[in-house]
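The following pair of complexes shares a single chain, subunit A, combined with subunit B in the former and subunit C in the latter.
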Partner chain A sequence: MEQIIQVTILGIGLGGVFALMGSGLSLVFGVMRIVNLAHPSLIIAGAFTAYWGFRLWGIDPLVMLSVATLLLAAIGVLLYKIFFERNAKSATYSEMTVLLTFAIAMIVEGALGAMFSNTQRVTSPSYATDAFFLGDIFIPKGQLYAGMVSMLIIGLLAAFLKYSRLGYAIRATTQNRDAAALLGVNVNMVGLMSFAIGIGLAGAAGALTSFVFSFFPAKHWEWIAVLMSLVVMGGMGSIMGTVVASFALSIVAAFVGAYVGSTWSTMTFFLALFLVLLFRPQGLFGEKPELL
Partner chain B sequence: MTEFLKVEGITAGYGDGPAILDGAHMTVQQGKVHCIIGPNGAGKSTLMKVIAGMLPVRKGEVIFKGENLKGLRPDQTLRRGIAFVPQERALFPKMTVRENLRMGGYILNNDRERDRRIDEIFDRFPILRERADQHAGTMSGGQQQTLAMARTLILRPEIVMFDEPSLGLAPMIVREMFAIVRMIAEQGVTVLLVEQNAVMGLKHADWGVVLDLGRTLFEGPAQEVLHDPRIQELYLGGRKVA
Partner chain C sequence: MTSKIVIAVTAAMALAAPALAQDLKIGASLPMTGNFSVSGEKHQQGYALCANLLNADGGLLGRKIDLVVSDNRSDNATAISQYERFINVNAVEAVFGTFSSRLTFPVASILSRYGMVHPIPAGGALRIYTQGYEGLYYLQPNAAEYVGSSLRDMIRDRIAAADAPKTAVIVWADDFFANAVAAGFLGQQVMDPANGSLVADLAPGYLADSGIEVLMQQQWPEEGFNDWLNLANSIKNTKAELIIGLTASAEEASQLTRALQTVRADPKMVYLSQGTQSEYYEAVGNASNGVLVHTSWHPNAPFVGVLGSKPFSNADFIAAFQAEYGFMPDEDSAIPFAVCQTIAQAIEATGSTDNAKLDAWLGARTAAEPVKTILGDFVWDERGLPVGKPFLMAQWQNNGELNFVYPTNAFPGTADLVYPKNGWQ
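Coming up: the complex of A and B.
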């Protein structure tokens, strides 16, 4: 029984971080129909931001999180202006963005490798290796903090989408781009803002992962498949779905890791991806595909 | 007859494609219901999209209260008082009825005023108040159409354009839709209507406009258009109409 609780706690901790990693990806797809394969590479850029802030000046990664968020949001604005804005009217936009973001991922990876070398890094504030004990159950502080901050950020994001004027515009554009434009929404500006927010979330997720996982520039290839499985399972574009899928799959993965073997735990995500695509391609919270 | 909105010699099409409208014209009188009829592909919806600023004008003019609307974007025509409900109703399925209405007032900068107007809408359409917190996508077709039409009123427009509000609705519900159209017109709002069912549309309209192959065949008081022999030919006979 204790082991079950222990494994569940570890799963929840990871789920929180994955939820934040995936929600930016989901937002960008929902509004812009951009399948952003560069998202995890930008998470790594955020992780490096937090890492160097801690290493050079001893700034806590939870503080560097704000720097990483703003820095990556600014990079998001640049990427959008350079690559995505001019092509937005193309009929093959989504397909094009797959290739485009694949290329961006390689450029980001190369740039990070050139600047910071390809060594494994991990930010090491004191809490990263510490834990709370409840009897025999331990709760790693690093994962706990990362998970809690993730949930806080996702909560803020949800409130922002639900209540703010820009949030209304983002949701409306996600659900019906033409209708939003007809009602006076500047859909291009909404696209730019949601791209910046999405990439900013990658920065925040990076700062948190920097002390939960060890990372190096090419690590994003491992994450993209995991994140895609979360986003597809949640229903492409549904942030709520991504969060639910993150927790569900992370907990299952933790159990697979504990009882089947740790090398198999990543398989959980791929297996889930297969099953979802076979039996419920629209995902948990996605729309049924139109027949037309 | 007040010169309210005037459409003259409009040529327009999609992208680089062929001209769908090829010299269409129509006159719009303030406070009246206008019904645009014509066979499939005549350019009825395209004409509305041109007026709304969703499609660029290649040739011709759209003059609204003395101002040429050429080159305006949809949000700009909206600010001038022209609202449009396209065929697919343009709702946000995963937003509640209230949120959809709020989006209708997106360009209003005063939230309190917007919410006050939403309250007025609820008074006029009690069914929408009942469903205020329900997702728009889960409502029936008639309720969705009611919401789409009511949503345009938040901005207190001068002209509303409805593209086939009866599409896919049961006959009884269609009658309700036309009652709403009447009610809107009685408030002094000018209505433009595209209707596949010509007889039904003209019966509820003051003015009829007949389009075919991108041109205006003729326009006139709805009753006269309804009984014009050319209509019979257009719908039943060949294309020998002059």
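Coming up: the complex of A and C.
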């Protein structure tokens, strides 16, 4: 029984981190129909921001999270203006963004490598390798803190989308871009803001992952498939679906790792992606998923 | 008539002059991005430093070395096509090997087909050397399958039998190199992937040979593995006295170490197949204390090699590296530097860049007339594996010192072995 509880805790811990990593990806797709393959590379950029804040000035990555969020949101604005805005009305916009964001991912990787070298990094606050022990059961502090902050941010995002005027506009644009525009919503501005928020979430996720996982510029290739499986399983564009999928798959993967073998734990995500695409391609949260 | 001859000779000399001064192109395809980028970048630094030092001393055969490096993105197909491009388009006269067994295995086939000498900095899997390829020269002490012999010998020679670890966990990356090291520890058979024939039978294996019972053995996937805490928890639950973590990169080594620290596993000994790099210490800090790692290079090793026909010691290498890059090198730069030394010595000795002559000269090295590098002397068997070179065992000690602990009689400066490992702080 202890082992089951322990594995569940580890799965939840991992799920909390993945939830934030996937949420920005889901938001950007939900509103803009952008399949952002560059999202994990921007998470790495956020991780580097937190790393250097910690390395140079000893600033805790949980504090650097706000810096990483704002910095990446600003980068998001630039990326949107330069690459996405002019093509937003194209009939093949989503398909086009796959190639475009793939190229951006490679550019971001190259830029990070040029600036910071390809050396592996990890932020090492004292809690990153510490744990709360309850008898034989432990709760890793790093994952616990990262998961709690992740849930807090997603909660704030949900409240923002549900109760703010901009949130209404974002949800309206997600449901029907043309109808929202007819009703006076500035869909270009909504797109810009959504993209900036989505990329800002990548920055926040980067700060949190900086002490949970080690990273280097090329690490994003390992994350994109996992994140896509979470977003697809949750229903492309559904933040809540992404959160549910993150916890569900992480817990299942933890049990697979503990009872079947580590080789198969990563396979869990890909198997889920395969099964969802085969039997329920719209994801867990319906034909036309809502953001929340 | 005379004036015509003078003009013709002058013209010929004018045309010949650039050819005489033509740079000596050497190609290297390295994983500068992708999963092996951490090591790829360091390999590039090792190669570039060696070429720069040779060029500062007049180059090779009076020609400046033009090092052509391409990023293969850690991708097999790209590495193959880049070496073909080096030969067919760039017209390189020699090549330096790439990083990792996974990339080296297919590259070895291509370079053999073109008759190029293939000096290998990182490609330890035994299968690479049993395909019948010509011109392979490995610049680490031995094939990966035999790495475990150093740990076995160290336990036998440096720990009283009664205190030696009796139980072990062995976990490893599903990677060409790590699989090979695991095969040696577990006494597995190594099969040729092409035809299924037996390459080597490693039974009973170094762990059985040491009387160590294996309580758990498990692989993790080569890419995308994140569940380190779960793995560490499973390891901890076995209560094994020896933890063997066969990581394919320093990044994996730090992930595993941090996870073991978090779950408070308490083994007597931890051995990793990667982790000599400064990045490893930066990532895990003093949790590294007591961690053992095998290595091909150590800063204290008093080896004296040759560079540009002059003696060039390991200490010279460290000084030159620090002057060039501003930080200490590790084996990921030292090994490629030795690769470059090897080719440079072959070219100078033969006075040629004819790869058949280079191959013949390198293959004819003997203990009395070896290739001399900062990793020590090298002589190879017919497969291209070094003869008579043990791996060095190093241990992180005293909050950040990577001390050399085995073998004890190779050279001065052997530190006491810290055993048992005292926690993770």
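Everything below uses one rule, namely that the second predicted complex is superposed on the first by the 286 of 292 C-alpha atoms of A that agree within 3 Å, B and C clash if a C-alpha of one lies under 4 Å from a C-alpha of the other, contacts with A are read in each partner's own complex, and residues count from 1 in each chain.
One rule holds in what follows: a residue touches a chain if its C-beta (ideal position, glycine included) is under 8 Å from a C-beta of that chain, and two chains touch if they have at least 3 such contacts.
In this text, all values refer to a predicted model and were calculated from it rather than measured experimentally.
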Review point. Given the superposition on subunit A, are subunit B and subunit C in a clash or a fit?
Key: fit
Check your understanding: Touching A:T129 in the superposition: subunit B (first), subunit C (second), both, neither?
Key -> second
Exercise for review: Using the touch definition from the top, say if A:T263 reaches subunit B (first), subunit C (second), both or neither.
Suggested key: second
Study note, to complete from the structure: Apex subunit A angle, CA centroids, subunit B to subunit C, rounded to a multiple of 10 degrees, is 150
Point to revise | Touched partner set for A:R171, first subunit B, second subunit C, both or neither | key: first
Review point. Given the touch rule stated above, what does A:P140 touch, subunit B (first), subunit C (second), both, or neither?
Key: second
Point to revise | Contact breadth on subunit A, by residue count: subunit C or subunit B | key: C
Exercise for review: Quick one: classify A:V185 as touching subunit B (first), subunit C (second), both or neither.
Suggested key: first
**Study point:** Three-chain overlay, closest Cα atoms of subunit B and subunit C, distance in Å
**Key:** 35
Point to revise | Those residues of subunit A which subunit B touches in one complex and subunit C touches in the other | key: none
Check your understanding: Quick one: in the complex, what on subunit B touches subunit A?
Key -> 52, 54, 74-75, 78-79, 84, 86, 90-95, 99, 102-104, 106-107
Study note, to complete from the structure: Residue positions on subunit C within touch of subunit A in the complex are 32-35, 37-38, 40-41, 74, 171, 174, 218-221, 223-227, 229-231, 233-234, 237, 249-251, 254-255, 258, 261-264, 279, 282-285, 287, 424
Check your understanding: Which residues of subunit A touch subunit C in their complex?
Key -> 3, 6-7, 10, 13-14, 109-110, 113, 117-122, 124, 128-131, 133, 138, 140, 142-143, 213-214, 216-218, 221-223, 225-226, 253-254, 257-258, 261-263, 265-267
Study note, to complete from the structure: subunit A residues touching subunit B in their complex are 165, 168-169, 171-172, 175-176, 178-186, 287
